[in-house]
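Presented below are the structures under discussion, each in the form of structure tokens.
First chain A sits with chain B, and in the next complex the same chain sits with chain C.
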Partner chain A sequence: MSDRYEVRLSGAGGQGLVLAGVILAEAAALYDGINAVQTQSYGPEARGGASKSEVIISDSDIDYPKATAIDLLLCLTQEACDKYTDDLKEKGIIIADSRMVKELPDGNYTIYSLPIIDTAKEKVGKTFVANIVALGVIAHLAEKVSFDSVLQAVLSRVPKGTEDLNKRALQLGYELIG
Partner chain B sequence: MSDRYEVRLSGAGGQGLVLAGVILAEAAALYDGINAVQTQSYGPEARGGASKSEVIISDSDIDYPKATAIDLLLCLTQEACDKYTDDLKEKGIIIADSRMVKELPDGNYTIYSLPIIDTAKEKVGKTFVANIVALGVIAHLAEKVSFDSVLQAVLSRVPKGTEDLNKRALQLGYELIG
Partner chain C sequence: MSEKVVFYQGNEACAEGALYAGCNFFAGYPITPSTEVAEFLARRLPKQGGAFIQMEDEIAAMAAVIGASLTGAKSITATSGPGMSLKLENLGFACITEVPCVIVNVMRGGPSTGLPTGPSQSDVMQARWGTHGDHPAIALAPDSVQEIFTETVRAFNLAERLRTPVILLTDEIIGHMREKFTIPAEGEIEIWDRPRPTVPPEEYKPYDISEGIIPPMADFGSGYRFHVTGLNHDETGFPTNIPSLVEPEERRLMAKITENLDIIEKYEYMEKKGSKVGVISFGSSARSTRSAIAMAGEGGTSVDFLRLITLWPFPSHVVNEMADKLDLIIVPEMNLGQMIEEVERSAEGKTEVIGVNRVDGEPITPDQILEKIREVS
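Presenting the complex of A and B:
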């Protein structure tokens, strides 16, 4: 199972996490040529406004598509960070929005607190590309997916006419980590 | 497991099956108040152009999110119909596009061969709403999701300005079965 890489994207409904999950899975599968499964689970908590999307990437077949030992967790809201830290691996990575997430979990994790939403709002001018800024960060940190693959997947999924905006968002996200 | 309802949406990349799966899961979870998991698996076949999206709906918790005994299979291309009939339950339902799928599988299934793509193209005037026409058919046939819930989920997911078009597509799909 060591070649299995698990990502959970969490936040609130409306932040585009389903689309981000689809893009990440397609980057891995269609452009990097490895297997990917992308899942949304909607339980009672979804009706409270929290949202999550998971992506499993693996060189081998993926028999069990739910995340069980998460390598990388994105949290765009405090509520999501409180709710979805379960299943994060020891030494796993947390990427948290620095404005929204003020209380980070204790534990043996690598935490990046980054201005994801502010970057979308102030540098791109559109808060709704925060999901793409986050994908830029993930492309920097996640094993198994390359920036170019994520870029191709972004460009094939976003609405026509928004390609430049989204490319800029992805690039700025990538550069949030030195 | 008797309250578990499994749907697989299959066709080609670009037909909007990921979005259709997300809408169906959100209809069930956010508007009908039951649990749902929605999955895309990308393996080597995805790079050949076939595409599938799965939705599991259940009153109980969904421990295993992959489809294993499918109640309802949508096929929008012949290739998808050839590839993804595995795991369809005995007496399961197949909804096949009547123009694209000419060879239907043998077996103890209930088959609806319907002009889904032609309805999108000729009656709505936009081939890209074929996925929404298909959701209308599914809303008619699937247990556990209501037309109104699917409509609400469609309206919350489609691009602004296309609501009327998509509502019409959904309604026409619903009416394809007498």
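Presenting the complex of A and C:
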């Protein structure tokens, strides 16, 4: 299972993390032409509650579809960060929203604390594109997926008329890392 | 339609498979984690002349599916454990009246409303024995998005060919999991329709088996008049309690399955040279098993793997042969031990059988299975 690249997107229900996972997986599977599987885990609430979406990307067949040794973890809430850090690999990447996540886990991790939600709110003008801003960050940091593929996947998934908004959100996310 | 590559959820692939098989009727009542099957068919069926109806509950939904099928429609419903429990009475009605239909159960934790969003495989025995009385049962358990598609098509084909309900048994993990898969071109998979009468309406008897054990089925509304009842009936479809008529019919219902195992049974047996341990699993636990067996192989341990795609009827003869060769069979399943009882029965004490079980709403991990393999190797 060594060439698996495992991504977990976590936060609260309603933040669009399942959609973000689907887009990331589609970028890999449909546009980069490698294998990808996306799964989700959520509570019975329509909004709120800890929620996660996982994407496994691999050059070979993916049997077990859930994350076991995470390469990259996104946390958009403190609750998700507290709950979903366990399976992170040593030297794994944590991308945390700097406003929502104040306490980061101890350990040998590479941590990026970034204003994801604030970027969506203030620079794009819509809080609900925070998931796409986060995808921009992930496109910058994740191995095995390219920015262009993520962009194509975003444009094919978002509602008509919101393409420019989402493209801008993705670009701003990408640029959050200098 | 030519071949098309898409990135779909298992539930969406199930709905797409239903359409490929010619499904033109869905009745259901939404329930997590199966709702996407209904949502997909609600969007697609009306556009192609089919009907989608959300009923007042699961009991009515199952009744509507049977009614639609009696008019000649290829019909399906999708649900999860709590809804499946409600459908069981009418499932038995479909068995005895021999009405083709497909019932999808995307399993979640139970009993009762249990764990709505958590995966489970705890409806294995319900799929076999949930409805009362001796009755035939076919349950198919795919393990990937692609296979959910192909097994849904096969579920319709078996339902039509054998005039019997077929259960597609998936779970929250593969129902909600997304993978790339290929929708085959039209005509690539053969599609079967139920046998229909060749005699004129006035000569038609709905349970006439003079041509074979699957009686031809007329469409209601096509000029053929016949009676349908959940009571034991004779060849005219009217109730009977004459012993010499009841028993042969009861036996025929079962014989439709046992005499057609060549088209019903489906499994993959991956045998390794020199292995002493084997694993038997299905559905999402089979994916964990494949990972575990690959890891064991990297450590130099060979493990046999029997993956069941058809769960019911249970392929006892295959398990029995495995038991001849192996010292131990491991049975991982997301329940407290259901399929393992069939494995033990089939192994006839010739080998040790142990389970790996999990019911906390999380999947069985490859490590859990690997640990068991290492304990005994």
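Quick note on the criterion: the second predicted complex is superposed on the first by the 171 of 178 C-alpha atoms of A that agree within 3 Å, B and C clash if a C-alpha of one lies under 4 Å from a C-alpha of the other, contacts with A are read in each partner's own complex, and residues count from 1 in each chain.
We take it that a contact is a pair of C-beta atoms (placed from the backbone, for glycine too) under 8 Å apart; a residue touches a chain by one contact, two chains touch by 3 or more.
Being a predicted model, the structure only gives us computed values, none of them experimental.
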For A:Q38, decide between first (touching chain B), second (touching chain C), both and neither. both
With both complexes overlaid on chain A, does A:V154 touch chain B (first), chain C (second), both or neither? neither
Tell me which partner A:V129 touches in the superposition: chain B (first), chain C (second), both or neither. neither
In the superposed arrangement, does A:T68 touch chain B (first), chain C (second), both or neither? second
Mind working out whether A:V22 is in touch with chain B, chain C, both or neither, as first, second, both or neither? both
So which bits of chain A does chain B touch that chain C touches too? 22, 25-26, 29-30, 35-44, 62, 64-66
Where on chain A does chain C make contact in their complex? 1, 22, 25-26, 29-30, 35-44, 62-66, 68
Chain A contact footprint on chain B (complex, rising order): 18, 22, 25-26, 28-30, 33, 35-44, 46-47, 61-62, 64-66, 159
For the complex, give me every residue of chain C touching chain A. 5, 7, 32, 116-117, 173-174, 176-180, 284, 287-288, 290-291, 294-295, 363, 365-367
